[in-house]
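Letters A, B and C name the chains as they come in the text, with residue numbers starting at 1 for each one.
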C-alpha cells in the first residue's frame, strides 16, 4: 500500500500526515460524492419516500402508507410488464451469451476474413438503439417490410409482426440479441486471449478433439466471464426500453411493455409521480437483489482486496 | 454544487443574452406543437411563423415541434412542471380537462378585445364544443379534423364496383370489402378490403363506430364514460368481425403511421383516417382515389379531432395578449385556407371556404370538403379528466379485441372498470 | 491443412456475419435510393442523395449534431476529471471510511441514473436546469464505472515511480498529474470510447429533460423526426437514421482495433 508507505516514511509527523492525507482524500472525492449523492443516493431515498404519499394534484400530498403498493398489486398492467420483463430477460440473456461465445470462438481463431467477421458482429453495438429501432421497424413492417418480402419469396404469407401480441415480444428479443451479442463477444474474446496456448498444445498432443477441449478446458476457464456477462446482461434487460418508444409504445395491449417503460408512461404521460415512484422502488429492489447476488457470489475478492 | 450550478446558470444567461440581444423589446413566445399526419408540415408552420413575425416585428414566436400529440402534451407538461412553461401550445382539443386540473391555462374570452366575441363565434360550432365549458372558451381550433373514408377508385373498378358509390352503411362496407379483397395464386391476400388503424388513436376510431351506432362515450363534465354499453360493444364487435369473421381486414394491431403507406401501395382498397392526411395522400397517390363520409349504422357520424391553441396561465399579460394576436393571425380566413390546403385539415371557419384560394382549390379537388360537410354529423371527441390515461385504457382494450386476446365485451368491461377507478375522484 | 469441420464453421461464421449486416445493408439501400425503391430491390435502381437533403431540410439536424457533440464533450470532460480525482483518493490514500465510501460509489454500477428518471427529473428541475445540456449530462458526470477502472489502473502503478516524483518535491497533485495520469492513458482511451458511444446513443433521459431544439441531442431529434404518426416516409427516415449514427460508425470503422481493445479493456475486471 503506497498510502501506508507514504505515511510510515516519517514516523514523527505521522499523525499530522495522516490527518492531511484524510483531508486530501476527502477533497479529492468531494466532486464525485456530491454528484453521486445528488443523482444516485438522494433519488433512491426520495423514490422510497414519495412512494408512501398521495399524488396531491389538488391539495397537499398526504401520507398514505402502503396504499400505492396495494394499488400496484391490483394493477394488471404492472403484473403484465413484470412478466414481460422476465420473459425478455430470460430470453435475451442466454441467447445473446450463447451467440457471443460462438462468435468469440470463431473470431479468436485463424478464420478466413477474421477482421471482417469481428466488424460485422460488433457493429450493432456502437449504433444508437433509436436508430436500430427505426431500421428494424422497417424490417418488420407487414407485407412490404424486408422480413415479409423474404418470406413471400419462399411462399409464406405476410404477418403483422409487431401488431400481434403473440409475436411482438419475440421480434423485440431477436432485435436486442442482434444488438447485444457483439458487445458480449468482446468480453469472451478478452478472456479467450488469456488462455495460455500451451494448454491447447498439450491437449492436441494428447489427441483431445476440439470439442472435448472446448467443453473440458475452455468453457470452465470462461466461467467467471460468463457469470460477469450474465449479470451485466440481466441488469441491461431492465433498462433497455428505447426501442419501445419507436417501435410499439408497449403495445399491442401492453404485450411488449417493460417495467421501465411503464414507469416512464406513468410518470411523464399520466403525471402520477407517486405511483411511478412505487414502481421504481420495485425496479430498484430487483436491481438490488441482482447486485447483492453479485457481491456475495462473484467479486468479494475484488472489492475488498 | 451551488457554485457549479451558479456557474452553469451564468453561462446559460450569457448565451441567452447573446441570442436575445437583437430583440430587446420584443415579446417572446414559445409554442409547442404536434404533427400527427404526413407531409413536411413542420416547414409549413415555420414558414407561417416567419411571415407572422415579419408582419408583427414586436412579437417573437419560437415554434417547437415536439412529436405526436401525446409527446407534445408530455413536453408541455414537463416544461411547465419544471418551471419553464410555454406561453401557448397546440395540444389535443381533448386535453382541456387535464390542463384545467393542472391549473395550466386561462380562458381566451378575457384576453380578446372588444371584437373578440365576434371572432370566437366565427368558428364552426362543432370545433368549439371541446373547448367550451360553461360560459368560458378555453381553446381555439387550429388543426381540426374528422375521420373520413379514403377509397381507391381504381380498385373499385377492378372489383366491378361503382367508383362513385362508396359504402354508405356498415353492411355495405363489409360487403364491398369482400369484393375488394384480392388474393394471389397461393391464397395469400395481396389487397385488403378496408383497414381501420388501432394504434395510437384506437379510441378515436372506436368512438366513430360508437357514434354511428348512436352511442356517446362520455358525459359533458368529463367524469363518466360508457365503454361497456351494449352499443359500444356492438361497435367494437363490428370492427373485430371485419378481420376475424369477414376477413377483409388484416388481423392484429394496424399501425396508424404506416396505414397511409398501405393505402398508397395498394395494400388496402379503403382506409379510415384523419382528413389531416388528405394532402399527403393526394401528393403521393398514383391512382384515382375518393374521399367519403364514414358509413352509417343508426346514423352518420365521426368525432371531431385534432389540436387547438391554448394560452398558458403563467405567461405575463403582455405575452398572453401577444399569444392571442398570433392565434388570430394563424386562424384568419386566408391562413386557415392555406393550412387546410397544405395539410388536409378542415379549415376552422366558414369564411376560409369563401377565400379565392380555397374556392379554386376545392373546384379542382372536391375531396377537400368532405370532412367539413361531415361536421353536421360530428360529435365532440372523447374528452375526460386524466385524458392520457383514459386514452391508453381504451387503446389497450381496442388492441386486446382486434388481436383476439379478449372478446370485445370483456375488453370493454375491463376498460370501463379501470376508467371508473381513475375518474372516481372527479365526481 | 484444414479439414471439413473447420470449413463448415467458416461458412457458418460468414453466414451469421452477413445476416448480422443485413439490417444495416437494408437501411443503406433505402436511404440511397429514391422512395419508390425503398421496398423493391432492383440492381438498376438509380442512386440518390435526395433523401439526405430532404431529411436535412425537414429538421434542424445541424443543431442536433452540435448539441450531441457538446453533450458528449461535457460528459466526458467531467467524468475524466471527477473520476481521476476520486480514483486517486481510493487507490493511494488510506482514510477513515474508505471501504464504505467505495461501496457507496459502487451502488451506481447497479442502480444507474437511467432507472431513477422520476426523481432525477425532480432534482434537475429543482436546480432550474431543465431543457439544458448540463441537465442531460449531470447525472452521469460522476461515473462509478470510470472511478472503478481508474482505481484499478492507479493501484498497479509501481511505488518507485511515486517515490521518485516525491523526492523531486512533487505535491500530491503533482504526482497525480505527472505520474498517474500519463500511465493511465490506455484506460482513459478505453473509458473515453465507451463513454462517448454510450452518451452519443443515450435516449430516454435526454428525451425527458429536453424540450426544445436548442438542447435536443441527435437521438431525441431522430425520434421526434421519425414519429410514426407522420406516416413514415422510409427513405427519408433511414437517411436521417444514417446521419445520426454516421460519425460513430465512421469512427468505429476507422479505429476498429482501438474500439474493440478499449471495450475489451473496459470489460476486464
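To be clear about the criterion, contacts are C-beta pairs under 8 Å (C-beta built on N, C-alpha and C of every residue); 3 or more make two chains touch, one makes a residue touch a chain.
All of these numbers come straight from a predicted model, not from anything done at the bench.
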Going by the touch rule set out above, what shape does the chain contact graph take here: line, ring, star, complete or other? complete
Please state whether A-C or B-C has more C-beta contact pairs across its interface. A-C
Would you kindly tell me how far, in whole Å, the mean C-alpha position of subunit C lies from that of subunit B? 37
Mean-CA-position distance for subunit C and subunit A (Å): 15
Residues touching two or more other chains, restricted to subunit A: which are they? 34-35, 38, 144, 268
By the touch definition above, subunit C meets two or more other chains at residues 39, 121, 208, 223, 228, 234
Residue numbers in subunit B touching two or more further chains are 78, 81, 200, 255, 258, 261, 265
Considering only the defined contacts, which subunit A positions touch subunit C in the complex? 1-7, 21-22, 24-26, 28-29, 31-36, 38-44, 46-47, 50, 102-103, 106-107, 111-113, 115-132, 134-139, 144-146, 149, 178, 182-183, 186-187, 189-190, 210, 228, 235, 238-239, 241-242, 245-246, 260, 263-264, 267-268, 273, 276-277, 280, 283-284, 287-288, 290-291, 294, 299, 302-304
Which part of subunit C faces subunit A closely enough to touch in the complex? 5, 9-10, 13-14, 16-18, 20-24, 26-27, 30, 39, 41, 81-83, 85-86, 88-90, 92-96, 98-99, 101-123, 138-139, 141-142, 144, 147, 159, 162-163, 166, 172, 197, 200-201, 203-204, 207-208, 218-219, 222-223, 226, 228, 234, 237-238, 241-242, 244-245, 248-249, 252-253, 256, 259-260, 263-265, 267-269
Once bound in the complex, which stretches of subunit C touch subunit B? 39, 57-59, 121, 124-125, 127-132, 134, 208-209, 211-213, 223-224, 227-234
Given the complex, residues on subunit A that touch subunit B span 34-35, 38, 57-58, 76-77, 141-144, 152, 155, 157-158, 160, 162-165, 249, 251-255, 265, 268-272
Touching residues of subunit B toward subunit C in the complex: what are they? 5, 8-9, 12, 30, 32, 35-43, 62, 64-69, 71, 75, 78-79, 81-84, 200, 255-261, 265, 277, 280
